[in-house]
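Here's the structure we're looking at; comments come further down.
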Amino acid sequence: MTLDLALFLLLALIAIASALGMLISRNTVYSALYLVLNFVTVAVFYLLLSAPFIAMVQITVYAGAIMVLFLFVIMLLGAEGLPKSEVLPWQKPLAIGLSVLLFAEAAYLLVTKSRPVGNVLPPAEAVNATENLQQLGIALFRDYLLPFEVVSILLLVAMVGAIVLTKKERKARQ
Amino acid sequence: MEFILQPLTLVIFFPLVGVLALLFIPSENKNAMRWTALAVSVATFVISLWVLGRFDASNTDLQMVARYNWITVAGWNIQYFLGIDGLSILLVLLTTLLTPISILSTWTAVEERVKEYMIFFLLLEIGMNGVFLVQDLFLFYIFWEFTLVPMYFIIGIWGGPRRIYAALKFFLYTMAGSILMLLAILWLGIHGKTFSLPDLIAQGGIPANIQMWLFIAFAAAFAIKVPMWPLHSWLPDAHVEAPTAGSVILAGVLLKLGTYGFVRFNIPLFPEATLQAAPWIALLGTIGIIYGAAVSYAQPDIKKLVAYSSVSHLGFVMLGLFALNPEGIAGAILQMINHGISTGALFLLVGMVYEQTHTREFRVYGGLWKIMPVFGAIYLIVSLSSMGLPGLNGFVGEFTILLGAWGAGQNGIFYWGGVWFAGISAIGVIMAAIYILYMFQKMFMGPQGEVVEETKKHGRAIRDLNWREIVTVVPLLILIFWIGLYPAPFFNLIAPAVNHLVGTLPLP
Amino acid sequence: MHLSESVNTGFLFLAPWLVFFPVIGLLINTLFGHKFSERMIGAVASLASGAAFVVSVLLYVTVSGAHGEAMRWQLAEWMHIGTLSLDWTFRVDSLSTTMMLVVSGVGTLIHIYAIGYMHEDVRFKNDVGRFRRFFVFLNLFIAAMMVLITGDSYLMLFVGWEGVGLCSFLLVGFWYELDLLARPSWSNSFAAVKAFVANRVGDFGFLIATFIMFWAFGSLQFDKVFQQVPTVAPGVIIAITLFFLLGVTGKSAQVPLYVWLPDAMAGPTPVSALIHAATMVTAGVYLVARSAPLYSSVPEAQNIVALVGAVTALFAATIAAGQFDIKKVLAYSTISQLGFMVAAVGMGAYVAGIFHLVTHAFFKALLFLSAGSVILGMERGHHHAAHANHDNHGKGKKGKRKEERHDARAERSHSDSEGADEAHGEVFDPGDMRNMGGLRKTMPVTFWVYMAGMVALSGIPPFSGFWSKDEILLDASMHNQAAYWLLTIAAFFTAFYMGRQIWMVFFGEARHEAAARAEESPKVITVPLIILAALAVLGGALNLPFEGFHNLGHWLEATLGEVESLPLNLQVAGISTLLALLAILISWLMYARKPFAKDQTDPLASLGLFFKGMNNKWWMDELYHLLFINPYIKISYFIAEVIDWRFWHDWFHEKVIMGTYNWISFTGLNEYADQKGIDAFANGLGTWTQSLAGTLRKVQNGFVRSYALSILLGVVLILGYLIFK
Amino acid sequence: MTQSDLTTILPVTILTVWACVLLLVDLLIPKTRKGITALLSALGLAVTLGYTLAQIGSEVTGFNGMVTLDGFSIFVNALLLVSGLLGVALAYGYIKRMGIERGEYYTLLLFSVVGMMLMAQATDLIVVFLALELLSIPLYVLAAFARDKTDSEEAGLKYFLLGAFSSGFLVYGIALIFGATHTTNIFAIVEFVSTSTGSLLLTIGAALLLIGFGFKVAVVPFHMWTPDVYQGAPTAVTAFMTSGAKIAGFAALLRVFATAFPSIAADMTNVFWVISAATMILGNVAAVAQTDIKRLLAYSSIAHAGYILMAFVPYGNETVVATSVAAGLFYLVAYVFTNFGAWGVVIALEKEAGKGLALDDYAGLAKKHPALAAAMTIFMLSLIGLPPTIGLIGKLYLFRAVIDAGFVWLAIIGVLTSVVSAFYYLRVVVIMYMKDGEPAAERETWLDTTTLVTALVTVVVSFIPQFLFAWASEAVLKLF
Amino acid sequence: MIPVDYYIILSAILFTIGVLGVLVRRNALIIFMSIELMLNAANLAIVAFGSVFESFSGQIFVFFVIAVAAAEVAVGLALIVEIFRSKRSIDVDQVSSLKG
């Protein structure tokens, strides 16, 4: 077992554990915090996978902005868990069963049927961060100009949408 | 203009003029609407007579052909293709004749939503004539389905108490029947690269086993429409609930769409399969004859009796068609007309008395002849025509059919069936006498039934027919005698086409 | 447009007018009759029939000018399709001319008679308006009969054949709302339907015969068929002839289809005379005679026909002897005599058969009409009696009919205890011989003409019936011993029941007030009777069994081919005459020596079961009900209600097809379709649907998590398929 | 960015800019006169439509193969723009009547159309994904647009949650495809697949993509949101959603699968087959039990997704795929017009607070508003596939194509389910014509015009379907 | 030198947990978070693949996905807040009045 692998396994363990933590926590705030941990772990993976820019984005946008937004909302709406009242008795067993099946299929596919080959580049061999950033920037504004613009529109629309949904109608109040 | 002025196009679509005119008549003016519809339908009849005048019976080809490409793209080859020949001309005339008669028959019976009613009738006429005249399978299917819609409304809006049920049943059954036909049509269109019926017939070359499947697919649609035993279950419901004119058209023309389908499509398109299927269809026809006659006798309701009698009569038609000799087929075609006239007239008459008494139960009838002598006499003539009294129209058809069927039995067309089909079917002649006379007896003979008093209680006295009603049936009476005594002109129209059709069959 | 080869066609062109005249007559009466007086209507109808008679005579002249050679006159095309080619062609030859003369001659007389008869009949039955209808039907009958006998092909014959059947239906059911005793009832109409249906059974045979014939001979035209007889297998011809026999049994009331004829007496008496005695019922005989070349070529079939005729003759004669209704006796007598004719033509004795047909037409028409006269006389007597009562009691005029009923109930006391006829005693039955007696005094003309008919029918020389019957017996004695003895015994019974009738009706004392007050009929009735009586007495002269007197035989030769003209056989003639006289003597001993008294049991009752059988028509109606009619009704209802409706319509189509549909769709088409159901349906799907919607609608439960689950399920299934396939 | 790049997305650009400007202009328009916004947005759509049609015949690929402009995209975009126009027309009076009139409605609708158009043009999975989101997010908002109605909110939430859930699968699918082919560009994928044997990973990725699209077009078993959302959303939104989202979803599905994955057609055909059959059956059968017209039409929309999907079943069969897909496009057109018409009638009858939506509220419509009832009848007939409507022609093309491709049983299922569908569609007609009632309908110019136009198109095109089918065939020609 | 399939399997696990979260949790926020986890898992897979091919496009795609996620969050949270305003609950099971 190389150091790389050990690190990977450790991080993987943390990622899975934090994901499960999010899943199981009765308290919404805990869930959110577990998710933040998970995102951060993934960000570390990105670093390991020589994608420092994405790692940064992951931390700032995801763990930072998005999850903070989540926490705001949680605080706004109250974090206490919901009362235990299951109206769908079959939902949980079925859900777990199907999820297990899904994973089993994925595992079977990935392990025996169609195993992705190749190794990820070790971080040491990766291009340094600045170069990576530069290349990314160039690609983004040259090759991927259109998606980039689309995303900008998308964000605009989301903004408009959020406003439309939450803005108090002055007329309605009157 | 050239497109519009073609005789066949005009026959089919002239009622549209009426539909458009009706749209602009205010709904209060009911009489204007009735007169408009009547005038247009009579005009359509006149146009069909013009077609008859131009028709050359000795020519076995399609005549007055109108043929335009309609959809021809990406392997599709659908045409606006009309044509008339001896197989269809009489049916067109029947349609155009029965439509004004039906309109006239509901002059007073329909007081609600007259506009829609008349529109639906004219639309129905378009659909029926379309079915008889188109020579493109695709277009045929469209008209075929189209006829369902107005009839559905006519039953469903102006029908009896269980009208919605009956309308839906009518619709679903006939539509279910046409599904398989649609697939078969598509198959043919794909396989033959065209939907034109004459071209497909000329191409031939469909393997025998596939022919059988296609034959069954077409037959499914037609057999339900006919209706052949045992697919007749929708018929009594539809007839009982339909308004008088609806029944007239249903019995008079719509059922003929099925039998016509057999002779127009099944036989020429799938000759080998036809030969194989002949004994089976004849068997079903024979069972239908006997079964329909037996069941008719036991009906408590006049309309139901007539409905079941149609099962029996159309059994004759099917038997004649699949005798596959000129006598049988020509007889069957003539019998389609006869059945349209006789049963149509019967439904008309039943409607006339129903309008007065509001009941169709035999139980309460009796002795009506005394009160309604003219009606009784007319009813008797029509009944006799329906039971095939020689000298009236029904006999000519039944005799030629049975004669043909007997010959087919002797010549091995029916294989194992032999002459038994014709022989047993002839028993149907006895049974027809039983149920028809029973009906006549129960309604018109015997002591006066309760219905007379019942009707009086509601402040109406039963009266004999008025002039409008007499005028409504007289054309049919004339035809009853005409075809019975001098069918030569009719046979002359049919015969060349039938001989041609028989000539194309690979008979043993 | 004539097809006859002979140069001199004479009046042949008039042949279609045999049909047209009556048709014109009936059209005039139908369309304008409502403006005519009764006399006018009668005159139009009689003239129409008379014109047909004149045409018949002219045609006779024409044909006799051509020595009986067949002539044909084509009027129009009929059915031409495939190899079938039929025309409206009239055939005039000696056979058809003979029939024409009989039909139109007797027919015209009966028309005239009916003017008088129906005048009273419609008044007795309170429907004056029906007078016109009767003559329309009668003219229609003449027209149909003419088509029957002048048709040049089997199918045209069939048109007339069924046409007369229709007229029979119409006329039997003439008083369709009454029964024999003029009470409101279904019975007359049943009799009418029975007549038509029984005929149709026979027609079925006729049809099948034509099918076989067409495919064997390629034609239905007489000459073409007969020419080919030698070339066609005898088996086929046997089939044809036997199927024709079925038709004959229906139309000519032979065993086993004779049952309709007695009931057909529900029709007015002129109808019984014309249709059910003189003309229509002989159509079967005519058919066999017409098909002589076919029958002659197959002796097997001939024997069967002869036996059927002979059995019928005897069987019906026994029943006739046990009847009390004056017309029923005559009806069974007719069946019996038709048996003679059928037996004759069956044996190849076509001339004898036709001869008997002609003489029978005379005397049986005479008897029926006389019986009608008797009945009318009784009615009148009853009417007077009722009036007398009425005047005594001084009741209002409107109560008259009720009063009659009342009287009738009072008369119940003298209804007999044998009471086979339940109707008897309810109301006055003018046709019941037990109510009669001594009528010779009150109705002398009727009595004398009746006597003429009686002796002719009984076969007493030298009256017409003797000659014709004797010729049949003679032929039978030579061709078919079994038939001969059956017919001879039948002849005995014939004389017996006629004697019985005469004694009961005309002799002794009046057994009922009505009989005592009976009144002779008017001239319009009696004159035709006298003419018919003369024919009945002298009709035998047509074909006397002496050399040179075989007029009819020679006349018919042209059509029927060479016929043997037998001389009088004294043995045969002697036996039959002696038996007839003996029978009359016995009847005298039983019914006249000590006159039949008011409440007396029939002397024959001492025969026990045998008489019961005769009286109850050997229970044939009951047997038919048991064997055919009831099963048919039961089976029909079973098929209609159980199989077609409950099983096929309700269970299969509703439950299985629609039910499956409903089950799949979790809704009720039925429920929905019913107007009531629509409302229930519309008022929110209700608990019913909810409970049924166990799966689909419950799956669509509104929970977003469940929807996600469904998506996941789809994913797992698709991936599973793709990975593990 | 080059000239050709711009050409490729010219209509999209115009519409985007227009929408952005409208967002600002809307601020200047007084609250009571938001109709102006509607008119302006309609104008924008019309102008774009003009440009789109002007581009017929062009064939350009731009942005390094990210998007393409071809016959197919022009056809679909034109249809989308027409849908947008019809959607605006339906909304004009409706949202005013329902008290939810705000200018953003129209801008969001425009943005959604932009997303849809991009989706039809996208040739890179990244763009596909972004376009999908761009069309979805406005729809989420629009579904919840009637904020004071809980139903509307519920619809929005359900749509959003499930939409996001399914796009999770979509992204994972793209990930797997990327893993299998090293690229997200569909041209590159084709190249990759043609040089190396496709792996199972690609198949699975494609399947997950299918799930994302399947959700948008509402096929079984990804359909369950449909009835709830369609019922809850404001009717004008529903009308737009049923058409627009379906067109875009199918367009992308078709382009991606037909262009990039013909290699896995053998497997996917079976999947399509089953999904299509299940969708037709379930949609039609479930619709029978509905009493709410919106739910009924929702299930009808599911069913029709099944029919359209039928056209894609033989997508790997080169000889028939062109006609088959053309038939699918034709059917889409037929469905769009019929569907808008039907929704137009629904809108005309809808009252405040969700009233007027039960089937019984249609009782007596034929007497009170014969024209409306007649139009509805036409739409119902068209949805069944009966003459004289475009629906019949569409079905016939479709069934023929499917039979031609050898999927007779699928055609049989299609036809059989059509019969089932006849029942519930005709029920509407029955109620309109054969029951008595006092329905009240809003008669409003734009609405009536829409209904009239769609009814006319539904009938008239059924007589002259040739040009449309020719266009559809032309459009798909270069796709394969 | 970690084989790429390790990463992919990890991402599959995370993805499955996300899916499970959507299915079993009733809290709208947690469901939403689970969806974010699914996206995250997908991102991880993309980056891992991209690292093998030494391709940028993977990373760029992830960048866009994150942006989209942000957009979704904006709208989604707005919706949830709206729902909370009217229902006083963020239990998705409460949001189930439309059904059938």
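Lettered A, B, C, D and E in written order, each chain numbered from 1.
The rule is simple: a contact is a pair of C-beta atoms (placed from the backbone, for glycine too) under 8 Å apart; a residue touches a chain by one contact, two chains touch by 3 or more.
Since the structure is predicted, the reported quantities are computational estimates derived from the model, not experimental observations.
Along touching chains only, what is the step distance from subunit A to subunit B?
Minimal hop count between subunit A and subunit B: 2.
Identify the chains in contact with subunit C as well as subunit D, in label order.
A, B, E
Which chains touch each other through the most C-beta pairs?
Ranked by C-beta contact count, first place goes to A-E.
If I average the C-alpha coordinates per chain and also across every protein chain shown, which chain's average lies closest to the global one?
So the chain nearest the centre of the shown protein is B.
Most remote chain relative to subunit D, going by C-alpha centroids?
Computed centres place C farthest from subunit D.
As a test of understanding: of all chains, whose mean C-alpha position lies farthest from that of subunit B?
A
Can you give the whole-Å distance between the Cα centres of subunit D and subunit E?
26
Provide the C-alpha centroid distance between subunit A and subunit E, rounded to the nearest whole angstrom.
Once rounded, the distance between the two centres reads 6 Å.
Could you give the separation in Å between the centres of subunit A and subunit D, each centre being the mean of its C-alpha atoms?
31
List the centre-to-centre spacing of subunit B and subunit C in whole Å, with centres computed as mean CA coordinates.
Those two chain centres are 35 Å apart.
Mind pulling the residue numbers of subunit A that touch at least two other chains?
87-88, 91, 95, 98-99, 102, 106, 109, 113, 116, 144, 147, 151, 154, 157-158, 161, 165
Touching two or more other chains, which residues of subunit E qualify?
Touching at least two other chains: 4, 8, 15, 18-19, 22-24, 26, 31-32, 43, 49-50, 53, 57, 60, 64, 68, 71-72, 75, 79-80, 82, 92-93, 95-100.
If I count partner chains per residue in subunit B, which residues reach a count of at least 2?
164, 168
Tell me, which pairs of chains are in touch?
A-C, A-D, A-E, B-C, B-D, C-D, C-E, D-E
Where on subunit E is subunit C touching in the complex?
On the subunit E side, the touching residues are 19, 22-24, 26, 31, 92-93, 95-100.
Please output the residues of subunit C touching subunit D within their complex, sorted ascending.
My answer: residues 661, 664-667, 669, 672, 678, 681-682, 684-685, 689, 693, 696-697, 699-700, 702, 704, 706-708, 710-711, 713-715, 717-719, 721-723, 725.
Please output the residues of subunit D touching subunit A within their complex, sorted ascending.
The touching residues are 1, 5, 9, 16, 20, 23, 31, 62-64, 66-67, 102, 104, 107-108, 111, 114, 118, 124, 126-127, 130-131, 133-134, 137-138, 140-141, 144-145, 147-148, 156, 179-180, 199-201, 204.
Under the definition above, what is the set of subunit C residues touching subunit B in their complex?
Touch residues, subunit C against subunit B: 76-84, 88, 127, 129, 133, 147, 155, 158-159, 161-163, 166, 169, 173, 176-177, 184-186, 188-190, 192-193, 196-197, 200-201, 203-204, 207-208, 210-212, 214-215, 632-633, 635-637, 639-641, 644, 648-649, 652-653, 669-670, 673-675, 678.
Across the complex, what residues on subunit A touch subunit D?
Residues of subunit A touching subunit D: 109, 113-114, 116, 143-147, 150-151, 153-154, 156-158, 160-161, 163-165, 169, 171-172.
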